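One structure is given below, represented as structure tokens, and several questions about it will come after.
Chain IDs A, B, C, D, E and F follow the sequence of writing; residue 1 opens each chain.
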Amino acid sequence: MNKKLSNADFQPLDSGVVPRFAGLPTFMRLSIARPEEVDIALVGIPFDGGTTNRTGARHGPREVRSQSSLVRRVHHVTGLSPFDKVKVGDCGDAPINPLDLMATLDSITSFYAEIHKARARPLTAGGDHLISLPILRALATDGPVGLIQFDAHSDTYDSFFGSRFNHGTPFRRAIEEGLIDPKRFIQIGIRGAISDAANYDFAREAGVRIVFIEEFAERGPKSVMKEARELVGSGPTYVTFDIDALDPCFAPGTGTPEIGGITTREAQSMVRMLDGIDIIGADMVEVSPPLDPTGATALAGATMMFELLCVMANSPGFKS
Amino acid sequence: MNKKLSNADFQPLDSGVVPRFAGLPTFMRLSIARPEEVDIALVGIPFDGGTTNRTGARHGPREVRSQSSLVRRVHHVTGLSPFDKVKVGDCGDAPINPLDLMATLDSITSFYAEIHKARARPLTAGGDHLISLPILRALATDGPVGLIQFDAHSDTYDSFFGSRFNHGTPFRRAIEEGLIDPKRFIQIGIRGAISDAANYDFAREAGVRIVFIEEFAERGPKSVMKEARELVGSGPTYVTFDIDALDPCFAPGTGTPEIGGITTREAQSMVRMLDGIDIIGADMVEVSPPLDPTGATALAGATMMFELLCVMANSPGFKS
Amino acid sequence: MNKKLSNADFQPLDSGVVPRFAGLPTFMRLSIARPEEVDIALVGIPFDGGTTNRTGARHGPREVRSQSSLVRRVHHVTGLSPFDKVKVGDCGDAPINPLDLMATLDSITSFYAEIHKARARPLTAGGDHLISLPILRALATDGPVGLIQFDAHSDTYDSFFGSRFNHGTPFRRAIEEGLIDPKRFIQIGIRGAISDAANYDFAREAGVRIVFIEEFAERGPKSVMKEARELVGSGPTYVTFDIDALDPCFAPGTGTPEIGGITTREAQSMVRMLDGIDIIGADMVEVSPPLDPTGATALAGATMMFELLCVMANSPGFKS
Amino acid sequence: MNKKLSNADFQPLDSGVVPRFAGLPTFMRLSIARPEEVDIALVGIPFDGGTTNRTGARHGPREVRSQSSLVRRVHHVTGLSPFDKVKVGDCGDAPINPLDLMATLDSITSFYAEIHKARARPLTAGGDHLISLPILRALATDGPVGLIQFDAHSDTYDSFFGSRFNHGTPFRRAIEEGLIDPKRFIQIGIRGAISDAANYDFAREAGVRIVFIEEFAERGPKSVMKEARELVGSGPTYVTFDIDALDPCFAPGTGTPEIGGITTREAQSMVRMLDGIDIIGADMVEVSPPLDPTGATALAGATMMFELLCVMANSPGFKS
Amino acid sequence: MNKKLSNADFQPLDSGVVPRFAGLPTFMRLSIARPEEVDIALVGIPFDGGTTNRTGARHGPREVRSQSSLVRRVHHVTGLSPFDKVKVGDCGDAPINPLDLMATLDSITSFYAEIHKARARPLTAGGDHLISLPILRALATDGPVGLIQFDAHSDTYDSFFGSRFNHGTPFRRAIEEGLIDPKRFIQIGIRGAISDAANYDFAREAGVRIVFIEEFAERGPKSVMKEARELVGSGPTYVTFDIDALDPCFAPGTGTPEIGGITTREAQSMVRMLDGIDIIGADMVEVSPPLDPTGATALAGATMMFELLCVMANSPGFKS
Amino acid sequence: MNKKLSNADFQPLDSGVVPRFAGLPTFMRLSIARPEEVDIALVGIPFDGGTTNRTGARHGPREVRSQSSLVRRVHHVTGLSPFDKVKVGDCGDAPINPLDLMATLDSITSFYAEIHKARARPLTAGGDHLISLPILRALATDGPVGLIQFDAHSDTYDSFFGSRFNHGTPFRRAIEEGLIDPKRFIQIGIRGAISDAANYDFAREAGVRIVFIEEFAERGPKSVMKEARELVGSGPTYVTFDIDALDPCFAPGTGTPEIGGITTREAQSMVRMLDGIDIIGADMVEVSPPLDPTGATALAGATMMFELLCVMANSPGFKS
């Protein structure tokens, strides 16, 4: 198979014919595909080896896929279907080793390098937040990229338990490794007590723009996203959505919930305002099914992935 | 017994004497009554045979009754008790057949025809949303009525799985059957991706006013409800409250949750602004207890029924 | 593809390389296959339209597949792997219509007729117990077959709610339609209060052997299964395992639990004693995930399917 | 109304007409009745004020009633229906005061004195185990009665927290007050570590027969129940079934679970062997719904109540 | 030990060395301390004997401590750590008697009198709301204090079930006993239907300022808290935070949830505006773990306690 | 402090004075102690870094401690209290690093070397089963020890995912390292399908006695334990109890449940038959609280620890 297949080959199952509870739970009921067949590759990374407290995000991809059966085809605001605009498929899970963190970082990077080489853009369901690092290593091959991060936590710590690679450190590593341009890096929704008053010093000194929840609440989504768009500009940009950016009432099933968070209405509104940015990839991380008895968090994550997919499908990088 | 009984005969059990966890869980701890004894008949319809994906709403009436033990007597904003204003009783469940959808539509209509004949106004706990159709068949005997629908979904599809009668189609059928005046029909809170770009075409062409969540969020409850009141005017109006109008954080226990929904504060505010409309009946549907481990959804549903009851009790149709 | 593929092509994913939580949840981590490629076809029937009380079994196939990721390759008692003996694949879900019971019976039969024609033997995850009827219609093309039923309920009622096709009636219909030979039909584990003293009269009069739980507890698995083997003899035999045969402590997630049931140890022991019987098909039904918060019932069901698979793989019908 | 009503007036709702999930959840879907109308009065006591650790049994009657919708009419072993033999009705909840333990003991006794006076025999759903005491005060008006207790705990402590009336003390109080004949008192299933080596001294010295779980496991239900029958003889006997007699795998939803308990199969077997004893009343206590997420405990409790009902209906005291 | 110990002796465990899931769950991972060693004493009161409906708050302190392992050291808005400013320790649980309400009121008062005498200020996790009364009895030794109450309910009833001491009455008792100055008493977030139209009469007549949720929603946190600060002025003030002030979506695990409540964002914002008030003590009550399957309510409660701790640490009463 | 403290200093809190839900949840409500103060050291190891599939056992120690509040003082069969026989205390958690498996193995060994040096015998709550290895490294300083393992899985694999140190390999490593005498090593309860027919070859060739569940079910606890006692003889013996030895109905909250397991009654019976063996240490592992919504598994684990404690307290090594 190759990219000569038409969009008709990459449509979700019709829920008026095959009920949503039937069939294998691929992402958004799409076909299983190889990266070279698609424009946007939906991928899972079932890895939580970087988690410092409550694990479980390794089960995220499976449950997000399952809940994504509820996702439909056409965005109700724009009236457009991402599946008509670009080719989208479920490219499976990246290979990981639950007992070897460093080897896993490498195998993830290799997997995404293949996607990148195939000119597909990845939209990923984690896994814990450390997985953004090996993805960025595969994508930022032409120099540092911009980053828009929705999150409760900055994830720019230096280390925990003597380890430099965990879900509290990916973006410090990414800056150090030249994967992200800190001047084109904005964090939105940061909140919660911190371990140390110097917590945000690295990010601030590197030039990262941190929008704490208090500033966000004051200014609202529109004003903040206007700034975010200006900050990343027209260059290649990665988007990372940590589900704990959402308030725990919307996303209880995550390892490090922080009260006082973003509402889903606000989050949807913000992601829609990413339209037109050249999004080279995106991820949605930290859904932890063992902590999510009703599946609400996985459903919120799957829905946010659909919102991300819609703006990715409209990226200038796709000349469709 | 007959309507000569006084309001004192239709008061909730006193929770300072009989604790809320004691006694049979009738709606709001009211007496079991026959339609001809009351002004407002609380009814359950334990039927979810019209559900296309996740069932469970058949258990709604029982759990809503149980959680309604937490409901009190007097509205804290107006200071009035609906139980002092009109006679309210629990008239039991409509007869249904879990294995025969078409027969059930008829038995529901017959049951409500009796209520209508007894000049009681029904306030119903569903059941899936299809149940609004047989109720409307019983109530709209003098021509089409107005309809105010709080919902995440338009429910004006033509068919699913080749079936024209399911919980995605009741209001198209009701328009086709002349039960609803589409010009006096407003839908509030509609959202979520759709199966087809033409999804809302029928409703729009029929003249139904659709207030999507984005417009709602922009304008707020007051402005939207002002419009709703003007739209339905002083004619007979039915109110239907699908619990999935609420954001899933308030109502996780429902078959088709959509993130980004209405808050309970907004919903209460909107229902209160129905005061003065001639509400001939109302329902609250789609609470699905198997998906509601904490009972929060049933409690939200029961509380919204109390809010609906208060405005129904004040309807111009009651000359009390 | 065709049956020339070797067994090496139909092995479960290696859990020492791809962790059990990774990848798409096919049955037992097997390949997706077409009936003509395999000897034993694992199939799901996500249908619970025949349920008279608590629905949810429509979600059974998905959750059983997910929990079946925990199943391993080799039976620890016999040391044999069914996957080395015969070719086994996941043949997907039978097509169903959640809103049309009669059409669904037909579409299931058609689907299984294809499997039968391809000379594959089906091992099915339900769905409610009504699904055994359309399967038998497809398989019993050469005359009535034997039936071994593990169940809490006889499922030989005539009708409920005026309907002759529901999960309380499949085996009366199957006898009436000549699909089952009542003299080669044994029911094991039957228990629980009944609606009517004449409840078992039809089965008894037809010659069905009913082993109530009291007799089973008295005699033990060995004695009962000796009788069962003699009763069905060497002819073609279907096996149906209703998960509610198990005590609710092992299988809480089912619609009609009955206390005082069979233990999993007893059940495993009994299924192993089916070895050598010519099992032309089998099913495991009535797992209801919404009632199964820990997934324990789906895991028990998946493990029982593996036990059934092992004895099916050894069936005389396979001349391997 | 009076006892001239026939048994036909006291039959459970027909589940082939009104589904089990419909209608008000009275005990076993029976009519609401007054004591003077029935032979056996089903009663709830929603009180857990005697609980020393984990409360919740106050919610027991409501949830046991709800789960009892699954109970059917005819015992499958004997083929007899208790509802055909005697008149049985739901007589509601005894009045209690959640904030006043001593007043509650009195109000319960008064309520049961009325039942006793009406010559109905009570079958009660608790509530914590303290409730047996006020019931016995009402029933043992003609001298001490025999007692068969299924339980993990002896409940013959002297006091906790300085209080002589709590769920660890009812049977010491009952012996002291002359309500029970300690020589006709047998406890079955007792187990678990104890607070003090002298724990069972009072009971032993009073002559109570304690069958620890180890002895029970050794001898089996038949032998133990033979002894129990001989011990209580033909005199009036009360039966109390603490749900924690069952192993926690069958009854997780209780305040003081003890592993290593009785199976439901054993418990059903034992209760059936009570047949012929003159049971003047019985209770089933300590179901705690907040600790019972699947409702399995309440269902086990409801089913044990049906088993108790069947042997009560056959009591020599009823000359039917 | 004594107050000469330095702040370094009262720091939370370092979560980069000892993971949050390790070690004994003291409040905020602090040392166990005696009141005379600390400036602020964190205390639990595991008592819910004043609860009129759904109990469980007795388990609150244990679960709040457990979830408080997620709390960090430094407030992200102010950049200050309360643990550097004052000495804070876990002073254990107040002695209570689950079977004797009146004795418990006294033992709580005695325990807090010791804390007060040691010049430590208590920050308490309840327990039901009645516990505020015995605390106030210990603290208001120099005349009535001011009170800021965040709550869904006024808790100024006269009695329930004939009892004057329960979780619906503490603040009426406190006014009557001269512990609170009603002119310096403000209630924020009050809502929900009431039992009686005269419900708020006592509070109003006493001069208590009641800010209903509707007024709060209209004016917003800033305006309301400006008024609250002016109302209590510079005198000694107690703060009580009933977790049911929060909307049930944030705090489902509580006995008397009321929809339409305060968001955590609003609550955090309001508590921060208490800065500078002379807070002599505070409590956070009504977390009921049996009703809180995900622990979200206990986490919200623990986080609100951290917010309260930060403003208490800054109280003028501490001359640090 | 030192060992001159008397047993009176190491008694559980009196549950007739301090309720079980109050106070810090130390193991069995015991004092916090240092190894040199006690004869038996209760220890937690909150580590699950060796888990190949579903993690969560890192939270085991906290939840087992919490549920152990239900454990009482005196064994009801023997009438003896372990707390009167030897000194027992809660010695806290071993230090671990969630991000560094190899470092954790070493820090655990160091921690237990201190306990061993202090002549205390450890009774441990895991953590996953890998933790037995570093414990054995600390205890088997005088040559290989005997081992009695209750488990569903042999845990003698060579490696998973290329890693030789994980929860499937501890006992192969221990044999290779000369920590266990394979001739004095018995495994009881082994069951479930396996990955490879050669699965048990290493253990068998090394001389390990494997009692599969089928043999166990045939022979019963007495016969098997007679053999186990003879096999380990009078030499130093370690006991390891994997909670998944129990059937999932008793212990749902574990990462690798296998149906058809041991009952708690059987398990208690077997542990009691360890009496007189020189038990130098024991552990209970693999309780995974995120998979254990009711806490039943942690309670079963805590109770089994009490049973182990009782036989350890009677070990010949203690000359009390």
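We take it that a contact is a pair of C-beta atoms (placed from the backbone, for glycine too) under 8 Å apart; a residue touches a chain by one contact, two chains touch by 3 or more.
Note that the coordinates shown come from a computational prediction; the quantities given were computed from them, not determined experimentally.
Repeated interface, listed pairs E-F, D-F or A-C, reference C-F: D-F, with more than half of the contact pairs matching by residue number. With centres set at the average Cα position, the gap from chain B to chain C is 41 Å.
Chain centres here are Cα averages; for chain A and chain D they lie 56 Å apart. Residue positions 19, 21, 52-54, 58-59, 98, 160-161, 247, 249, 291, 293 of chain F are each in touch with at least two other chains. Applying the touch definition to all chain combinations yields A-B, A-C, A-E, A-F, B-C, B-D, B-E, C-D, C-F, D-E, D-F, E-F.
On chain E, the positions that touch chain D within their shared complex are 48-56, 58-59, 97-101, 160-163, 166, 290-291, 293. Residue ranges on chain E touching chain B, taken from their complex, read 52-54, 159-161, 190-197, 199, 212-214, 217, 247-249, 252-253, 256-261, 291, 293. By the touch rule above, chain D contacts chain B in their complex via residues 18-19, 21-26, 32, 44, 46, 58-59, 61-62, 65-66, 92-93, 95-96, 98, 293.
Within the complex, the chain A residues that touch chain B are 14-17, 19-21, 70-77, 79-81, 247, 249-250, 263-265, 268, 293-294, 296, 299-300, 303, 306.
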